[in-house]
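In the two assemblies presented below, chain A is common to both, partnered first by chain B and then by chain C.
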Partner chain A sequence: MVDIIYPLSFLAAASALLALVMLFAKDALTCAMALLGVLLSTAGIYGMIGAHFVATIQLVVYAGAIMVLFVFSIMLLNLKKLGDRFPITSPRFLIGAVSGLAIVGAGTWGILQWIPQSYGTWDNQAMLAAGGNTRILAHSLFTQHAIAFEAVSVALIVALVGAVTLAKRKFE
Partner chain B sequence: MDPVIFTTLAVVAKMLLLLAVTLGVVPVMVWFERRGAGWFQGRPGPNRVGPFGLLQPLADVIKFFFKEDWTPGNADKFWYWMAPLIALVAPLAAISVIPFGSHLVIGDSVVQMQLADVDAGVIFILAFAGLEVYPVILAGWASNNKYSVLGALRGSAQVVSYEISMGLALLSMLLFYGTFNMNEMVTWQTGTLWGFLPAWGCFFNPFAALVFWVSIFAETNRLPFDLPEGESEIVAGYHLEYGAFKFAAFFMAEYVAMIMAAALMITVFFGGYGFLPGMQTILEIATQQFGLGAAGIQNVTALLQFTSLASKVAFVMFVFVWVRWTLPRFRFDQLMDLGWKWLFPLSLVNLVFTAWLTWYMGQ
Partner chain C sequence: MLTVTHLPQVLALFLFVVGMLIVLLRRNTIVLLMGIELMLNAANLSLVAFARSQGQLDGQIMVFFVITIAAAESAVGLSILVNLYRNFGAVTTDRAQTLQG
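Up next, the complex of A and B:
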């Protein structure tokens, strides 16, 4: 297997950099496009480690649909420059920052604890032998995790109906 | 040769080939579009620059180079410059997963005739087709012009709407093939149906093929659905404020997107790089004439496959021009009606029917 650590670290650096741009840019559209860049480079990382299906779904759903919605709302509300109204020393921001860092730290710690035991039965050879990762994923989604899958789709429909009801009341 | 260097060279060569073919087709298409317009309207078309006006695209390029490169005063400079670049990048990235032949044998090594063999190739293309909305929105918004924003809104609404029926048409084919991998799809489509028809996807699911074909006209902003441009109502749509080479970039992006969409449609519905009728005979004659070995046969096969894909794509491109000069432009509400009230429900019904059919055949 060709060494993929260089492209991976490039993509990781790109996504970290774009995440910083997203946080600190003053122009709302630039923030949104930086977020799009983060999503694209994450999709690239997924693709490099062989999770093609997750990578493409990331592109279709996040980059192709959700970000379009973001950009649309920014354009239609005409959010131009956000300016310096953001109080960086306010207690609210500090509490948010500390708890955010705590969550990220806990997550990282948890992943690091879990990684050494995480190499399951699927390596690249086993994946190819079973017909590619899309097939494996589809199989496990519709057999092993069928109930969870259906529950998630019901939850999404409930959310959709709720959103339409809320929006409709406002218009009437 | 060192295998790593060989692989790198092969990948770079494939990239250059794809770039050369997709971008090299653009001037030819520009020439054909104008000559075709003349042909359909019973007038000569451009015939002064070079034989049959063949050098007309070159004259256009020179004009684009020497025009003043102008940026509107209140435009958002960064995104104004980025939009044409994104417009070109998205379809070029999408074209990288389309297989244009099986494989070549050079020495002891095998070169796959596909830039990236992505397992979920079809969705990958859909993903990058979805990114084609961004340049439209960005260009319209960054130009800071009411007409540009109107054009951008129309354009993005159209692309987003037709993506749905396009996706549903593709989905029904995925049920037939049972794979996302484009190479496997092409393999599935080799052979014949009832002894005389090639076993192409469009003969199994003609309705999906039709919906897909209509949708790519809307996706690539071609007539009869070129409303984002709409020069009769909103001056020139999202690229109104663009001139010189930035406009040319949008123009090129449209043709690259057309080639990409055509290649995708060929791969999913029309047998991909599979042999056209008669190519097997050519291969046999070549084998006998030159006494080819196994590697030679494989290489000639790959070349013929590339020719097959290229000629099918050329035909679809011809249809693009043909339709452009035959049908008048739709009104915007007619376009939306067609997309949401006809194509969307019908392709949904088709999808359910195909699902039932696949289940029934599997019984």
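Up next, the complex of A and C:
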């Protein structure tokens, strides 16, 4: 049994740093690349803690489709010339940073007090014995959550039509 | 003690707060949408880590739905953004103040 805490903390540190890059970068494309790094690190974390199917979905949908959409929009609108100046010494930013740090500090303290307790039976060994994460998840998705699955597919169709209509239409 | 169970929760909290700060402080609407994606990603991470530590599957199922809805949300949001750019010639939030009265 290999201890996964070291690669896990490496990925966590990488994604935390890249999130800070997103906050401070002026260029929108830099932000997009940093977000891509965060999503890839998160996919690695999912894979390492045993959620293999979610890791794959994260890679294909989030890091693939959504990021392509973002980069495409940045290229289409040619946002490079805008140069979003970020006011690092403004009171707005200072108040935000201080309260954010307070929330993170208090929350981290609270999380470290938490003693986890398992209520279910699906630990990694049980999943492996029952045929792997993807198989169990698919079975649960198409039996117990079938109606939610169909509802989400309807929502996707509505969003697709809405996005095309919104982008095509000329508002006066 | 920072264990495998606690570390993803701490990271999710940090990512959520950074995403919130991006949404509150940045003026570029496309970066603002990226902040929303970062917050959704943090919530997903928390759900998956809880699903692991509680030994249940429902968290992972919920993450599947959240990712799907996030894809729909970003598609609609980016098409709104294209319209914003067409009408105002910029994508910063301080140019789109016509509803402010």
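The rule is short, and it goes like this: the second predicted complex is superposed on the first by the 131 of 172 C-alpha atoms of A that agree within 3 Å, B and C clash if a C-alpha of one lies under 4 Å from a C-alpha of the other, contacts with A are read in each partner's own complex, and residues count from 1 in each chain.
Criterion: a contact is a pair of C-beta atoms (placed from the backbone, for glycine too) under 8 Å apart; a residue touches a chain by one contact, two chains touch by 3 or more.
Because the structure is predicted, anything quoted here is derived from the model rather than measured.
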item	value
Contacts of A:Phe53 with chain B and chain C, given as first, second, both or neither	both
Between chain B and chain C, more extensive residue contact with chain A	C
Which superposed partner A:Met75 touches (first chain B, second chain C, both, neither)	first
Partner chain in contact with A:Trp114 - chain B first, chain C second, else both or neither	second
Partner chain(s) touched by A:Leu17 [first = chain B, second = chain C, both, neither]	neither
Touched partner set for A:Gly64, first chain B, second chain C, both or neither	first
Contacts of A:Thr134 with chain B and chain C, given as first, second, both or neither	first
Interface residues of chain A shared between complexes with chain B and chain C	53, 57, 65, 133
Touch list for chain A against partner chain C, complex	4-5, 8-9, 12, 15-16, 19-20, 22-23, 28, 31-32, 35, 38-39, 42, 45-46, 49-51, 53-54, 57-58, 61-62, 65-66, 69-70, 73-74, 76-77, 79, 82, 84, 86, 92-93, 96-97, 100, 103-104, 107-108, 111-112, 114, 116-124, 126, 133, 136-137, 140-141, 145, 148, 152, 155-156, 158-160, 162-164, 166-167, 169-171
Parts of chain B lying in touch with chain A, wherever the complex brings them together	4, 7, 76, 78-79, 118-120, 123-124, 126-128, 130-131, 133-134, 137-138, 141, 149, 152, 156, 160, 179-181
Chain A contact footprint on chain C (complex, rising order)	1-11, 13-15, 17-22, 24-28, 30-31, 33-35, 37-38, 41, 44-45, 48-49, 51-57, 60-61, 63-65, 67-76, 78-83, 85-87, 90-92
Residues of chain A that touch chain B when the two form their complex	2, 27, 29-30, 33, 36, 43, 47, 52-53, 55-57, 59-60, 63-65, 68, 71-72, 75, 132-135
